[in-house]
Structure formats: structure tokens, C-alpha cells
Amino acid sequence: MESVTPPSERFTRTHQVARRERAQTVAKWVFGAMSLAMVLPLVAIIVYLLYKAWPSLGWEFLADIPRKGMREGGIWSAFVGTLYLVGLSLAISAPIGVLAAIYLNEYARESWLNRLINMAVINLAGVPSIVHALFGLGAFVYGARFGFSILSASLTLAIMTLPVIIASTREALSAVPRAFRDACANVGATRWQTIRAVVLPNSISGILTGIILQVSRAAGETAPVMFTGAVFFKAVSRGDLFPYRLGDQCMALSMHLYTVSTQVPNVKESIPYATAVVLLGSVLLVNASAIVLRIWLRGRKKW
Amino acid sequence: MGAPRPQRPKASIAIERIIEFVIRLSGVSAVFFVAAIFFFIFREAVPVLWDPDFDFAEFLFSKEWYPTSVNNVRYGTFALTIGTLSVTGVAIVLAVPFGLGAAIFISEFCSPKIKETLKIVIELLAAIPSVVWGFIGLTVMSKLIVSVTGTAVGVNLLNGGFILALMSVPVIVSIGEDALKAVPDSYREAALALGATRWETVFRVLLPAAKNGLLAAVLLGVGRAVGETMAVLMATGHAVQIPHGLLDSVRTLTANVAAELGEAPAGSSHYRVLFLTGVLLFAITLVVNVAADLAVRGIRRK
Amino acid sequence: MTASRLAIEVSDLRVAYGTKEVLHGISFDVKENEIFAIIGPAQSGKTSLLRCLNRTIDQVAEASVTGTVKIDGLDVRRVKDVFALRRKVGMVAPLPVGLPLTIFDNVAFAPRCAGMKARGELEAIVERCLRQAALWDEVKDRLGSLGTALSGGQQQRLTIARALSHDPEILCLDEFSIAIDPVTTMRIEDVLKELQSRVTIILVTNLVQQARRLADRTMFLWNGDIVEVGSTDVVFSDNPADRRTYGYVNGIFG
């Protein structure tokens, strides 16, 4: 590569060095621009949606129900429906997911069952949402005869979020050093005593973050609820916090966005934009709070 | 040793037993749920295989999809498969260079502050629901495409590919960054000690060392693109045809299920064929995920 | 209490991880209230041996154990309550592990797990154990701060205090001086000599001089076999039973 240089010229900048440094600078700027190309869409999208949605945005839009065939009014029924679906589905999947992760990480030995569960979790996490929709339809709506209902839709969402909760909880649990568990075993603590005193308190932040992130995922999913329990329109009264029962169908924010933007003609232009802003805003808010929580708890790490 | 050893109260031992039982039950339930998914999708799909109107070869290789025709019912998903492949292809061509470039930038070139910020942006980008992406494709992107290219319809292959690229990039960046992070620092130090610039270190040392993980990143990006439903349903324009250019409308396997499942009467052949499409999708993503998992394990073993 | 009662009887103990056998059927006894040193180079199976004593080897999935280990005449593998066994056999790991709890909770953890609740009793135990581990004076004003925030040497003494907190009859120390300075090591060695009247101590060490200073009897373990076990004076003399012992002790091989 480089020829032998006489002592007097060592450490001086040759053309080659300058060229190599130029290549480095160019690489840095190109990659930097590529990264910027991801930041810009996020900002541009949010700004544009806000701009278009502005005429409709306001508390009134959130608290009012859709009127005149969804061409006017607000999104209350859909918003509450999404709260129901997300709340119920996580009430099911979070405990099962966390406990399953505890089993896998703390109890299970290396065995075929454990490998099977691992494989299942990995694959389940990659199953397309429309396949979950098919499963929900086949298993809960028809198979278990729950019909098109909040229950069916929530169960479908729960199964969908389960593997991700298992995976994120396991990650949080395995971040607790093995030495702590050994130390506890050495003084005669049972596994559960170890888990309760040492493992859980030091992984709870990671576990919670994982669950919170699934809140936003469940809220944004459309296909799985569209065929299992969410409907185009459901009459509820304005501002009613408890309009639905388990066996009812409900509206959902994500599906409402799909409906007003593709299925309903002559909608006031700002309504779909405002719906998108509310959905996007809630999701990003939830995610941002998970991130803040994580950063805050990381600062209090104990080892 | 004098004093008697303390005894744990019986109640606390009993409670512990119960908790451990519930934990075990939950662990095994994960397998049960996966088995249930297999079972129920297959159960709804399988009867169609014995339907006289249905031909499996036709299902895979015919481009004629007339599920509701009165006298000429055809269940060919070839055009849909091509639709999925083409949209995924466009997305990957756009997303891979940007995703890997950003992963390299985040991992190797930027300051910790910028790194932290970019990672948060990526996380937020990944959190945007697919229906919102679809809406963006339908409105913003479609107008953009019409005004730039002068084509008649803005919802098409290019639009869907673009949206999917934006959706896959966060996956590629975060997994790719993990892969680069997994390369030991001693490699970097050794390369720098030999007089390599940072760029040369990346190009000659890090990329070869992290290639399995980067492959996994790309595969998971592909997996996300193949399985995506709502965004492509809204942004690709929905015509069952084999596209001849970037500005043709297409329909993907996923979008097709989403569009027609609501109208197919439960138990009909049409309904079962849609479930069969689900099996096909399941199989595709299974292969992609297992491949990505193997690639990731490849690096761990090193 | 007769001085020569056996605290531990090991006979034909074999341990294998998968197909790799690390202990090839060893047999020895440890008398009550003696300090029994185990010396030998790395990878000679010392830690595996200790893990058989309190059955933490159960947690290693691929490990298989044959032969018997009796503690107080009782086969450890017949023990029903393995947690009680572990409380009876205190264990100090090579690297200090302060649990991410307060200093007080670190030491009170074991008694609490065993079912003790009264604050007064716990306080007494914490103070006694921290004093025994020569840590009390340094931490008595900040028992509420985190154990993980202590220095390495302090954490090692905290680990010893924790091992004493459940009143073990046997105390195993696995290369406890790896992470601490010589002065602290000497202080802990003094503590061990004091404890000897109440506790049987098994001291795994790769500092042969430490064994010479402390142990009543010493065992030289090499590649999973016992080369020699006997009185420390004999093992460290110019004429041990096996030439390899002389070589190892004097730094000629190993």
C-alpha cells in the first residue's frame, strides 16, 4: 500500500492520507444524511397532518360522537372503543406474558419444551396482523362462539401482543446478572423469594416499558379488530365512558380512520386528518412516556 | 448452635406453591396459544382442498382471481403473490441502503447525544400505526406522486413501496445497530491502531464482522413488509394484476384478505381460500423469521 | 462435641458437564471445626465440588452428579428441603456480589427467607454478622445505603456477612481473596480463625500460602483427582506423600 517514507516525511500529511480522510468525511455526511432522511418524514408527517387537521381539532372533536353518517361530529365512540379493546387485551396478555417470561427465564431448564416455547415466541412475533385476524375470526368469533364482540377482538389483540410482552419481559429479566441469583441460592432463598426480592424489583422498569409499548401497538392495530369485533358505526351517547358491554361490537379509532378515509364519500376534509392526528398523537404520547420512564429508571439503576 | 432455627409460616409456603403453579401454567400456555393459531387457521382452510371447484396448482400459479364470479369462479393468487413480492421488493430496495446507512451512522459516526435522539426518533417511527401510514399514502404520498410523475392514479406500486420502506427502515436500523454493537470494541481499536480511518474500519472490518446480524436485520425488514396489511391496502390501489411498471396499481396477499374477508360468507369456499392465503402468509413469514433467527444465532455462536 | 466428629463425608463423587467429567470419583472427609483447605490450579474441579455441597449444582442443567456427599451423616441428595441445606452450608463466591438491596437487607435477606420477621432479632443478626466480617465499623452509619455501592473489598466482606447470617454450620469460601487487597485479606483470615471454634470452614484457595497459614488439613486437587490430602504441616513439608504436591506448593509446576 504505502511506500516507505524517509524519516523526515513521517507524520506529514501525504496526498493519500488526505484522500482517505476525505473518504471518511464523505461517508460520515452520507450516512448522516440517510439518518436525517428518517427524521424528516416523522417531522414532516406530523406537521402536515396537524396543518390539515387543524379546522376540526379540539376537545369537541374528541368528546362528540360521529354525526351525519360520519361526515361531521367527533370520534368519541371510536376513542372509547379503542380504550376498551386496549385495556381488556392487555389485562389478559400482560399477566400471562410476564408470568410466562418468568417461567422461561427463571424456572425452565434446557429442554425440548423450552426450545419449543422459544421457537413459538419468535415466530408468533412475526406473524402478520392479518393472520391474527383470521385466527381471531376462526377461533373466537366462530370457534368459541363469542361472536363479533369486544371480547373476541380483545382476545385476538391479546394473543397478538403476548409474544412481544414475553420477549421484552425476558430481556428485562435476563438483564439482571446471574450472580445475584446464585448469591440468593447460596443463602437458601427459594426461587420465588429470589425473584420477588431481587429479580423483579430490578427488572420492573424494563417489563413496564415493554407493556406500555404494547399499549400503543394494540391501539394502532386495525386488521385484527376489523374482523372480530369492531364495526363501522355504533350509536353511543356523547361523552359516555361506559357505552359498551363485553358482548357488544364497538368502534375503534384505527378502524374509524380507515372507514372515514376510504369508505365514506364526501367527508369533511379535516375529519380524517383529525382522526389520524388523535390516533397518532395517542400512540406517540404513550411511546414517549415509555421512553421517559425508561430513561428515568435507567438513571436509578442499582449496580 | 443453640437457638432453634426459625420456621417459615405454612401460609407463606402455600402461597409460594400456588404462585409457582400459576407461573408454570402461563409458561406452557404460550405453546398452547401457538398451537391454537396453527389449529384454527388450518381448520378453517383445509376443507377447501376437497372442494371440486378448487385446484391447488391453480391457487398458487394462476393469475385469475374471480372469487365472486357466478359461473367462472377462479382462485388464483399468482398476481397477488407477485403484488406482494413487487411491493416488498420496492420497499427493500429503498429501505436497505437507508436503514443500514443510518445504522452505521448511529453506531459508528455520531456523538452520544445525537445517537440517543436518533434512536428515540426511530422508536417513534416504528410506533406509527400501519393504518396511519396507509392514510399518509392515500393522501400525502398519492398527491405527491401525481404531481411529480403526472400519472392518473397516485395509489400504486411506488406509493405502497415507499410507505412500506418507511415502515421497514426502523426495524432494519434497530436490528442492524444491535448487530454492529455486538462487534467487539477490540476489533475497532485494532483497526484504528493499524492506521485505518473510521470509514475504512467500518467498511473493511465491521461490515464483514457483522454481516450475519445485518442480514437478519434485512430479513426482519422483509418480514415486516410482507406481512403488512392496512398500509398496502390503502396505498397500493387494489387492482389484481401483475404490475408492469412502478406506477401500476397492485394488490397484495395481505390486502386481499383484508379487503374480502368481510364479504366472504363464513364457511364458503371463498372464505376458506382466504384462510388458505393466511396459511401461505404464515408459511412465508415463518421461513423469513426462522432464517433471521438462524442468522442472529450465527453471530452469537461466534 | 467431640473434636473429631465428621462434618462432611464425600465418597466417590463424580461430576460431569455433558460428556466432560471434571471430578473423577473423589473421596475425603472433613472434621468438625477444622479449617480444611483445598488447593489446586484452575479447572481442577474445586468450585464444582463446593457446588455439590450445597446442591447449587442442581441449577446447572447439563451437570450430572454421582457418588455421595454426606453432611452431618445425611446424604445431601436425600435432603427434602434443599433450602434448609443451603442455610446450613454458607457459601462465599469468588467474586463479591452485593445484592441490589440496602446493606441491612443484604444481611437480613437470608433470615427473612427463613421466616424471621421481628425487627429486633434481625438488627441483632445484622450487627453480629457485620462485626464478624470486619465490616461493621465502616458501614454502621449507612446501613440503609445500597450494598452494590460499596467498594469491591467491602462487598466481599458483605458477602461473608451474608453467608454468616443464616448461622451456617459449614462455611465454604471459594477463593475469597481474589478481589480484595492484602490488608483486608489478613483481617478476614483473622476472622476465620476466630470463627473456627463454632464453624467448620472449607477454604478453596489458589494462594498456597494462605492455606499454609490457616488450614489444619489441606487437600491438593488436580484435574479432578485428589493428589494428596493430609495435615497441612505434611503437605507443605519437604516430604509430602506425592512429589507433585511438593512441585505445586513450591511453584515448580501448576
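All chains are identified by letter, namely A, B and C, in their written order; residue positions are counted from 1 within each chain.
Please note the rule applied: contacts are C-beta pairs under 8 Å (C-beta built on N, C-alpha and C of every residue); 3 or more make two chains touch, one makes a residue touch a chain.
Quick caveat: nothing in here was measured; it's all calculated off a predicted structure.
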| item | value |
| --- | --- |
| Overall pattern in which the protein chains touch one another (line/ring/star/complete/other) | complete |
| Central chain (by mean CA position) | A |
| Taking each chain's C-alpha mean as its centre, the one farthest from subunit C | B |
| CA centroid of subunit B to CA centroid of subunit C, Å | 52 |
| Between subunit B and subunit A, distance of the C-alpha-averaged centres to the nearest whole Å | 14 |
| Subunit A-subunit C separation of Cα centroids, rounded to whole Å | 48 |
| Multi-partner residues of subunit A (at least 2 other chains) | 190, 193 |
| Per-residue overlap in subunit C, given as positions that touch at least 2 other chains | 84, 87, 113-114 |
| Subunit C to subunit A touching residues, read off their complex | 54, 56, 59, 61-62, 83-87, 90-91, 93, 95, 97-101, 109-110, 113-114, 146, 148, 159, 162-163, 165-166 |
| Contacting residues of subunit A [partner subunit B, same complex] | 20-21, 23-24, 26-28, 30-32, 34-35, 37-39, 41-42, 45, 48-49, 52, 95-97, 99-100, 102-104, 107-108, 113, 116-117, 120-135, 137-139, 142-143, 159, 162-163, 166, 190-193, 213, 216-217, 219-223, 226-227, 254-255, 257-258, 261-262, 272-273, 276, 279-280, 283-284, 287-288, 291 |
| Touching residues (chain side subunit B, partner subunit A) in the complex | 16, 19-20, 22-31, 33-34, 36-37, 40-41, 43-44, 97-98, 101-102, 104-106, 109-110, 118, 120-125, 127-132, 134-136, 138-140, 166, 169-170, 173, 197-200, 202-203, 220, 223, 226-230, 234, 254, 257-258, 261-262, 266, 274-275, 278, 281-282, 285-286, 288-290, 293 |
| Residues on subunit B engaged by subunit C in the complex (per definition of touch) | 1, 3, 5-9, 12 |
| Partner subunit C, residues of subunit A touching it in the complex | 109-110, 179-180, 182-190, 193, 197-198, 201-202, 302-303 |
